[in-house]
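Dropping the structures in below, format is structure tokens.
Here chain A shows up in two complexes: once beside chain B, once beside chain C.
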Partner chain A sequence: MPMERVDPELVEFDVRTDEMLINMGPQHPSTHGVLRLVLRTDGEVVTDVVPHIGYLHRCAEKIGEKISPRQWIPYTDRMDYLAGMNMNLGWAMTVEKLMDLEIPDRARHVRVMVCELNRIASHLVAAGTYGLDLGSFTPFLYCFREREKILDLFEEVCGARLTYSFITMGGVTGDLPPGWLDRCERFLREFEEVIPELHAVLTSNEIFVRRTAGVGVLTPETAIAYGCSGPVLRGSGVKWDLRRDGEPRVTRMYEDYDFEIIAQHEGSYPQDRDDYPPVPPEAVLGDSWHRFYVRMIECVQSIRLIRQAMAKYQGCDGPIGEPIKLTQKLPKGEAYLETEAPKGQMGFMVVSDGTAIPWRVRARSSCFCNLSVTSEICRGCLLADIPAIVGSLDIVLGEIDR
Partner chain B sequence: MNATEIIDRLKQRFGDRILRSDTDCLDPWLEIAADGLHEICRFLRDDPDMRFDYLHCVSGVDYVEPDPKKAKKTDWQPHLELLYHLSSMQHRHRIVLRVVLPRWRDGVHGRLPEVSSVADLWPTANWHEREVYDLCGVAFAGHPDLRRILCPEDWVGHPLRKDYETPQEYHGIRVK
Partner chain C sequence: MADYLVQFGLPVWLAYGGVALMQCLILLTIMMFAAATFTWMERKVSGRIQDRLGPTRVGGRFGWLQSPADGIKLLCKEDLMPAQADKILFRLAPYISFCASFCVFLALPFSNGWVAQQLNVAAFFILAIAGLEVFGVITAGYASASKWSLYGAMREAAQVVSYEVPFGICVLIPVMVAGTLDLVAIGNMQQGWGINWMIFHSPFMFVTFFIYLTCAVASTNRAPFDLAEAESELVAGFLTEYSGFRWSVFFMAEYGSMTAVSGLAAILFLGGWHGPIPIADLLGLTYSNHAILGWFGELLGACNFLFKAFLGVTFMMWLRWTLPRLRIDQVMTTCLKYCIPLAAAMFVGVMLWTYALPGGILPRKTPMAAVAEAPAWTTVETPGGDRP
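Our next item is the complex of A and B:
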């Protein structure tokens, strides 16, 4: 029988592809920890993403109901283990809010220094592993080499490289060691030289731009509705940073500091330096590239903040602050406070019934909210873009699962 | 608007649905009746003077004293509280909503208390309510996907309840 010639379009429709469920994780290198994603795919196109979390749940909140606030500080280290200082700060300030405790200026500047250093360290891991997700190994080594120097500085300050427990209610656990400021300044100078290299291998690299620009676009309305915060929110062009917009207790910490919120505003980023690479024409506000770019510029801002903090610290005498006693009784009441951690707004709540042990502690994780938006922004993307989108959110599962 | 003005506006509009309020504490709060939660939240989000566009956190707090000796000294009846921390990026004001629920619905042990979900107003509530359901045992009516989120699907009990007892084992793994 002779074959009939059919409409080529019809042939296209005749070839049916079945929907396929793909399980990604919990052991998968590009899910940044024990995150499991169930992807529903139609050929190469992802039609639905369902994240499953909880693999790293360690009952931190339940433990907090059994021990005193100072004893709980090490548990906060293990939430966002890439930014332990910022986690300590959030919890310490929440309890200080409940106790109405003010800390001396000298301790305030030390806090700014270590928190901003930790912000750089966290953003370096984000940038390095993001390059790794997209198949580029070199930036990973550059980033970890620099991060290592920050960890060395922290080791000098408190003896620990990852879980610091350095910032406590009432101040910090100890003053900076002699000569530390010089070593910190040396690191900043070295790091400043590396930033253009990082921009060359990542930010303005053509392959990197093609993989990230226009991928996983998050509109500002969606970001706010999903409670996104940090670079994820600012990458969508929302000028919101708790260091400027937070509660008075948080903004007081950064009083007299000169810095800008990194977000695209009226079509351009703050231009305090002229060596930032330009925004590529393919990039759409709110895409993975912008989220990455915000982190990179925030590193530069953090350098500025650390320099200011070092000058202020040298210019002020006085006590470094006395940590509260382990068995200090808490006043009756509730306090909730959010601080700007590298990955977003980290909130802690403490409910006290008047004893030394809190009745309830609560940790509001920024990554938890940032991750909840994945199913929204991954819908309709290509399978290969999933690591690019999840990586751009910069999640840490320790903080999500608590 | 400051907290007093917000609470006054809500009292004018919703009257007896606003049960208690406190503006002198660290985070000013108001307690609302459970059946009015969704309506009040919609007003808070949509009213041009309120515009509470950012839901920070939904937390559950269990008030019960498992130790009978200490229970005699408490000045409250056993109950569950839900706290909603809200703020407005546009107007830069914040408020805390408090909803008091019975520990068990109709007093029957094992029946979870119910309150309407606000996940349709703020999508971020979706995961937060799942977490409260998982750890504190509150059922959210109208939630699109009320499953456990941190504990395994077949976990028994709600760990952040004060009278929770850890099971001896889970699938042959010693827990205690």
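Our next item is the complex of A and C:
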């Protein structure tokens, strides 16, 4: 009986034992939700990474075409659920832009306060879960303890701890409760004491530095080419922050506020405090360590902003603003606006045909662009570096999949 | 003790078998108790480190009954086995690990002569048996038919096999100074005030202790060297497919070996069952006064030993809840580039020190005198008459 001829290449492929395809996620402890990464691995070395998304798709944009803008605000909360206030702000300001609506100063300062508080909360989650990704459980709980205090403050403001729906078109849904500013100030003082602790267990920890420095280096050119934004872009040394560089409508919100944009510029970070840990010699600009560091220092800048906002809020009397009606008719036209959310540039687009319900609603996700660089910067790293890199990008799948 | 029973006319096989069974049961109880205590303690310690309370609900204010509650939960869990798994190896793996971890206790003395089997090669025996634990892990990783498990197993193999080398050298150094592999004799050499402890033998020995600690943490697979079960990378590594009772057997093996390496450290470096102050001698709790008094002295020594082992385990917990995990290449670098050369250098250093100062800077006992001091009934069971 003649033996079947076997394709020699097929045999070759059959006995190849050096590469393995591995599914990391969607149920994996360190893919931050339902991200799925397909890894092509050669032993511990990862030769190729392909991210797959869409496991948390909830048709948010389509829903936005069936309900009025104010009704859609809760849906924005559920996009980046770690920074609901900033999501509310982005959508509210987009619709305000379409309606050409200005808000009173008092509401503006309240918005700055809650948005910056939420930025701290979001960065705390990023820092804490990053420790978790690197196998250090304790900083996670330290960060969540602090975040819990912010959530308590938010609960007082709007009754919700995660999905706030506080910022609306035309201002905010309500004024701050009495005594809130004191409690906020107390939190800021407590938090300032905790920051050095976090630096000790994470930023300047020897093992942490070795795990993150030089890992997942994202050059400024690549970052810009992929449309990265937020701390991921600034970690690569690009001084770009929509709070300063955005549209006039966005920068007007931060008018006469004094703050620094955190990015390494000409070899050093803007230093307004001496107790930042120094940049370790192993760190390369654009690596995971820098992305983490930028977030940590941005928290300090947010504290500054909140303090200023509190002072300004106390100094200005006047109306807090009136939210628009649920069935308010929108002017015909379209508007697109990007704001600086904690994760990056969050853009919202609204197209109206003149009725109360938008004809088209679209969200531009910052995490989507930030995640897209994974296959670029993960190539050739070790298996253990994958959580280190993905964690440093700080993605929220709710925002990517919408 | 078996010989004692034989005198009463018991058949030899029954006497020895019975005694062996009893010793095994006692040791198993100790190990289970240690695992339960350390599970509870790990939760409490981690809780305190993380600014929370830890268990408070089961068994009163401090959650004393947390470990039994966990045990019951694990026993009641559904017994899951992947369809693709190698059925026999999957079942066998936890027990290989557990047996290896348990057998270490057979040769580990808890006090002067309080040992299931006093071996004249106890240190060697412990090294050899403790190294077997990795087979359970590799088997588990292979048998689970999961890629993550396989990764965990391969990491464990690479890591533990590498760390056996510096670990062995570190054990060898006190053995070289003592001139015997018999752990009872090594422990007895360090009698007297705390300055007699092996760790204070020479500066080199002091450094050796810390290399030993590093290697001990690495070879028991504890953070920051817990690469085999790195949950943020490998889901749970070799444990991914395990649940319920089999998982808890692995867990007991881990705590068992933590206790074992801490105990070994206590004997080799920290005076074994001798405290910093020789309370037993000062109070006259010695065999030369009365057998009962001597027994109480040994009991005190056992407490001493357990306390030191307990400190070692606490240290490991402290590390685990403080440090991030190393990467595999960094783990191997730590071993091959730092631990091995350092341990070898310390080996030479201690050798030269012993050669230059044969009596040491402080008067210390010779091992032979220490062996002679052990109570008679403990040395009876020593196999062979090879001790000079």
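Throughout what follows, the second predicted complex is superposed on the first by the 385 of 402 C-alpha atoms of A that agree within 3 Å, B and C clash if a C-alpha of one lies under 4 Å from a C-alpha of the other, contacts with A are read in each partner's own complex, and residues count from 1 in each chain.
In this text, a residue touches a chain if its C-beta (ideal position, glycine included) is under 8 Å from a C-beta of that chain, and two chains touch if they have at least 3 such contacts.
Source: prediction; values computed, not measured.
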Touching partner for A:224 - first (chain B), second (chain C), both, neither: first
Partner chain(s) touched by A:20 [first = chain B, second = chain C, both, neither]: second
Contacts of A:362 with chain B and chain C, given as first, second, both or neither: first
Which superposed partner A:98 touches (first chain B, second chain C, both, neither): first
First (chain B), second (chain C), both or neither touched by A:387: second
Touching partner for A:372 - first (chain B), second (chain C), both, neither: first
Touching residues on chain A, where the partner in the complex is chain C: 20, 22, 28-30, 44, 131-138, 141-142, 145, 201-202, 205, 207-208, 210-211, 382-387
List of chain C residues in touch with chain A within their complex: 46, 49-52, 147-148, 151, 155, 223-224, 226-227, 230-235, 321-330
Chain B-facing residues of chain A, complex: 53-54, 57, 59, 61-62, 97-98, 224-227, 238, 240, 245, 333-336, 338, 345, 347, 349, 351, 359-360, 362, 364, 368-369, 372, 376, 401-402
For the chain B and chain A complex, residues of the former touching the latter: 25-27, 53-57, 59, 61-62, 83, 85, 89, 92, 96, 122-124, 126-127, 135, 148-152, 159-160
